[in-house]
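Submitted below is the structure of interest, expressed as C-alpha cells.
In order of appearance the chains are A, B, C and D, and numbering begins at 1 in each one.
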Amino acid sequence: MTRAFLAILKRDLALASRAGGGGELALVFFLTIVVLVPFALGPDLNLLSRIGPAILWLGALLSMLIGLDRLFQGDEEDGSLDLIRASVLPLELAVLAKGLAHWLTTGLPLALAAPLLGLLVALPGEAMLPVAATLLVGTPALSFIGAGAAALTAGLRRGGLILPVLVAPLTVPVLIFGVSASNAALGGTIPFATPFLILCALSLAAIVVGTLAAAAALRQSG
Amino acid sequence: MSDLGPHAGFILASYAAVTVVLGGLILSILLDHRAQTRALAELEQRGIGRRSDRSRS
Amino acid sequence: MASLIDLANPTRFMRYSAVLLPWVAGIAGVLLVVGFYLAWFVAPADYQQGETIRIMFVHVPAAWLAMMFYTMMTLSALGTLVWRHPLADVAQKAAAPIGAAFALICLLTGAFWGKPMWGTYWVWDARLTSMLVLLLIYLGIMALWRTLDEPSQAGRAVAILTLVGFVNVPIIKFSVDWWNTLHQPASVLRLDGPTIHASMLWPLLILAVGFTGLALVLHLVAMRAEIMRRRVRTLTILEAERLDRLSAESAPA
Amino acid sequence: MTPSSDPILTLEADALTCRRGGRLIFADLSFRLRSGEAIALTGRNGAGKSSLLAMLCGQLRPEAGTIRVEGAPDVAPVELSHVVGHRDGLKTALSAHENLAFAQALLGDAALSPAEALAKVGLPHVAALPVGYLSAGQRRRVALARLLVARRPFWLLDEPMSALDTAAQAMLSGLMREHLAQGGAILAATHGPLGLDGVREVKIGP
C-alpha cells in the first residue's frame, strides 16, 4: 500500500520537475505578483512594510491557484486516472499523495522564498520567520481545498477555467488568519499564537475535507 | 588585504553571493555539457547515426 | 540523410568553439585575476563609501552583462525570425540562464551594497527596479523554453517573446523612472557617485572585460551542450523509428 | 493476496440496466465470466459497450442490477481487473520503464518486471526512451505491457485490436491465450475477431 502511495508521490514530483512540468511556475508567479504590487502602490517603503504580509499572502494564494487545474486533468486526459482507480490504494490515499506532491512543488517553495521576497516589501527582519511560518502552515489548506475543487472539475471539458472562482471563496478563512497571524508578528494587540493555531486547525481540517471531497468527486465522475 | 572597514560583512556577503550564483551557473553548464557529450557518445557508439547497416539491432 | 545536412553548420561551430574555448577562457582568467588584484589591493577606498565601493567591482559588470546578454538574445531572435540561421535559437536558449544569473548577481550585490548605504537591503530605486523587471522577463523566457520541448517550434515562439521584451525594456525604464520620481524616497545616493577616479576605472574596465570573457566561455559551452542535446534527441527519435520498423517486420513469438 | 492461487473467481453481472443522460442504453443484461473463459462484447457503436466496461470498473453506477465477484465478495471488481481503454494511461514525459514501474507499484501483486514485459510485447530496447518519442503503435504496445507487470484475473479490454498492426494483433492474441491458460478471464468489447478460439459472444442492443 505504501509503495503505491510513494509511487504516486514520486511520479508527480518527477513530472513537475521535467520539462513542461511547470514545477517552478508557482514560485515565478509569486515573485511577479510581489513585484507588481509596489508598482501599483508606489515605491514608498513605509506604506509597503505596513501591508507586506497581505501582499505576500495574496501572492501565495494566487500562485497556488494557477497550476491547480492540471492536478487531475492531466491524469484524466491520458487515462492515468483509470489506472489510479484500479489501484489497490484507496482513492483517498491516492488523492492525499497528489495533494502532498502539489504542496511540495508550490506551497513549500513559496513559504521558503517568502522571507527573501519580504525584502521587496520592506518586511522587517523579525517578521520574516513568522510570515514564513504562517505560509508554511497555511498553504497545505490551499493545496487540499484546491485538490477537492480540481477533482470536481477534472472531468469537465473547460472545468479548469472556473476553478479559481470555485476555490477563492473557500480560502477566505485561511487568508484572514494567515494575514492576521503575520501582522501579529509585526506587533499589535493580538498575540501571534492565537491566529496561528487557528490557521493550523484550518489546514488540518482542509486536508481531511479536501481529500474526502476529491475522492468522492473522482469516484463517480467516470 | 586592507582592513575592510565597518561594513566588511556586506562586502564578503556580496562576493559570496557572486561565487554562489556564478559557481552554480558554471557548474550546471559544465555538468550539462558533460552529460550531453556522454549521451551523444553512447548513442553514436550504438551506430544509430549511420543508417547504413540495418542489421545492428 | 536530411539530419546530417542541417548539422553542417553546427558541426563547424562545434569545431571552431573547441579551438576557441581554451584561448578565451585563458584570457578571461588572466583579466579576472589582474582585475580583482587591482580592485582589492590597489584601488583606494572611496572617500564617501569607504571599503563598500569594492562591491561596485562586481555589481556594475553584472549589470552591464545582464543587459548585454539580453541584447545578444534579441540579435539571436532576429537571426531566428529574419535570417533563419540554424544556430540563432541555440544561441538564444543558451544565453537566457547566463543573462538571468548576472541580473540576479546585480540585484544581490546591489542589496548588500544598499544596506550599508541606505539602511535597507532593497529600495525601489529606478535602476534596481528596472533590473528586477528584466530578471522577470528572463525568467519568463526560460519558463517558455521549458514548456515547449520541440526545438524549432519553441525557437520561433521565444524569439518573438524576446523581441517583444526588447521593445518593452526602454518603455519599462522610462515608466519606472517616472514612477520612481512620484514619491521620492529617502535621498538616494547615486550608485556610481561622481566621475570615477582613474584608479578605480581601470580595475572596473579590466574586470568588465574579464567577466565578459567568462560569460562568453559559458555561452559557448552552453551552446555546444544545446547542439548535442538536439543531436541526442534526433538520434533517440531515429532509434525509436528503427525499433518500430524492426519489430513490425519480425512478428515476435 | 495472489488471485491466481485463490479459489476460482467468477465475475457475475445480474440484470444490469444502464441509463446515461436520461437515455436508456441497455436493460436486464446478465452474464457470468468464469476463469479461463473469454467473452467478446459486440454491438453497434453507442450500444453501451464502453458503458458496461465503465460499470464493471465501478466508475458508472448501474440503474438496476448488481455486479459481484464470486469467490471474493468483499473486493471491488476493479481491484481484480486490468482495464485497457482507448487512452493509453501513459505519461509522455516519463520513460516506458518508469510508466510500467509506476503501474506495477500501483496495481500491486507484481508479475513480470517492466523490462521483461517490454520484451514480451516486442519493445526490448525502448525502456529508457520517453514515451513522448514513441509512435502510436509503440505506445499501444507499452500500454498492453501493463497487463503483464501485475497479476490480475480479469482483463477488461475496450477494443484492444484497434490501432494495432497485424504483428501487434498476433502478439496480443498470444498474450490473451497465455492469460486464459493461466486461469484468467477476458471481457473484450470488439468489432473484429480476437484471434482466440472458444470465445463466447455477448451482444448488446439491437
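Convention: contacts are C-beta pairs under 8 Å (C-beta built on N, C-alpha and C of every residue); 3 or more make two chains touch, one makes a residue touch a chain.
Please read these numbers as outputs of a predicted model, since none were measured by experiment.
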Result of counting contacting C-beta pairs for B-C and C-D, higher pair
B-C
Return the chain label for which the distance between chain Cα mean and whole-protein Cα mean is smallest.
A
Relative to subunit D, the most remote chain by C-alpha centroid is chain C
Centroid from C-alpha atoms only, then distance subunit C to subunit D, rounded to Å. What do you get?
52
List the centre-to-centre spacing of subunit B and subunit C in whole Å, with centres computed as mean CA coordinates.
15
How many Å are there between the centre of subunit A and the centre of subunit C, using C-alpha atoms for each centre?
32
Going through subunit D residue by residue, note those that touch at least 2 other chains and give them in order.
125
Subunit B residues touching 2+ other chains are 57
Among the residues of subunit C, which are close enough to touch at least two other chains?
149, 236, 239
Show which residues of subunit C lie in contact with subunit D when the two form their complex.
149, 236-237, 239-241, 243-244, 247-253
Looking at the complex, which residues from subunit C come into contact with subunit B?
1, 40-41, 45, 50-52, 54-55, 58-59, 62, 97-98, 101, 104-105, 108-109, 112-113, 115-116, 214, 218, 221-222, 224-225, 228-229, 231-232, 235-236, 238-239, 242, 246
Per the touch rule above, subunit D residues touching subunit A in the complex are 54, 57-61, 78-79, 81-83, 85-94, 98, 101-103, 105-109, 146
Which residues of subunit B touch subunit C in the complex?
1-8, 10-11, 13-15, 17-18, 21-22, 24-26, 28-30, 32-33, 36-37, 39-40, 43-44, 46, 48-49, 51, 54, 57
Considering only the defined contacts, which subunit A positions touch subunit D in the complex?
3-4, 6-8, 11, 14-15, 18-21, 77-80, 82-89, 219-220, 222
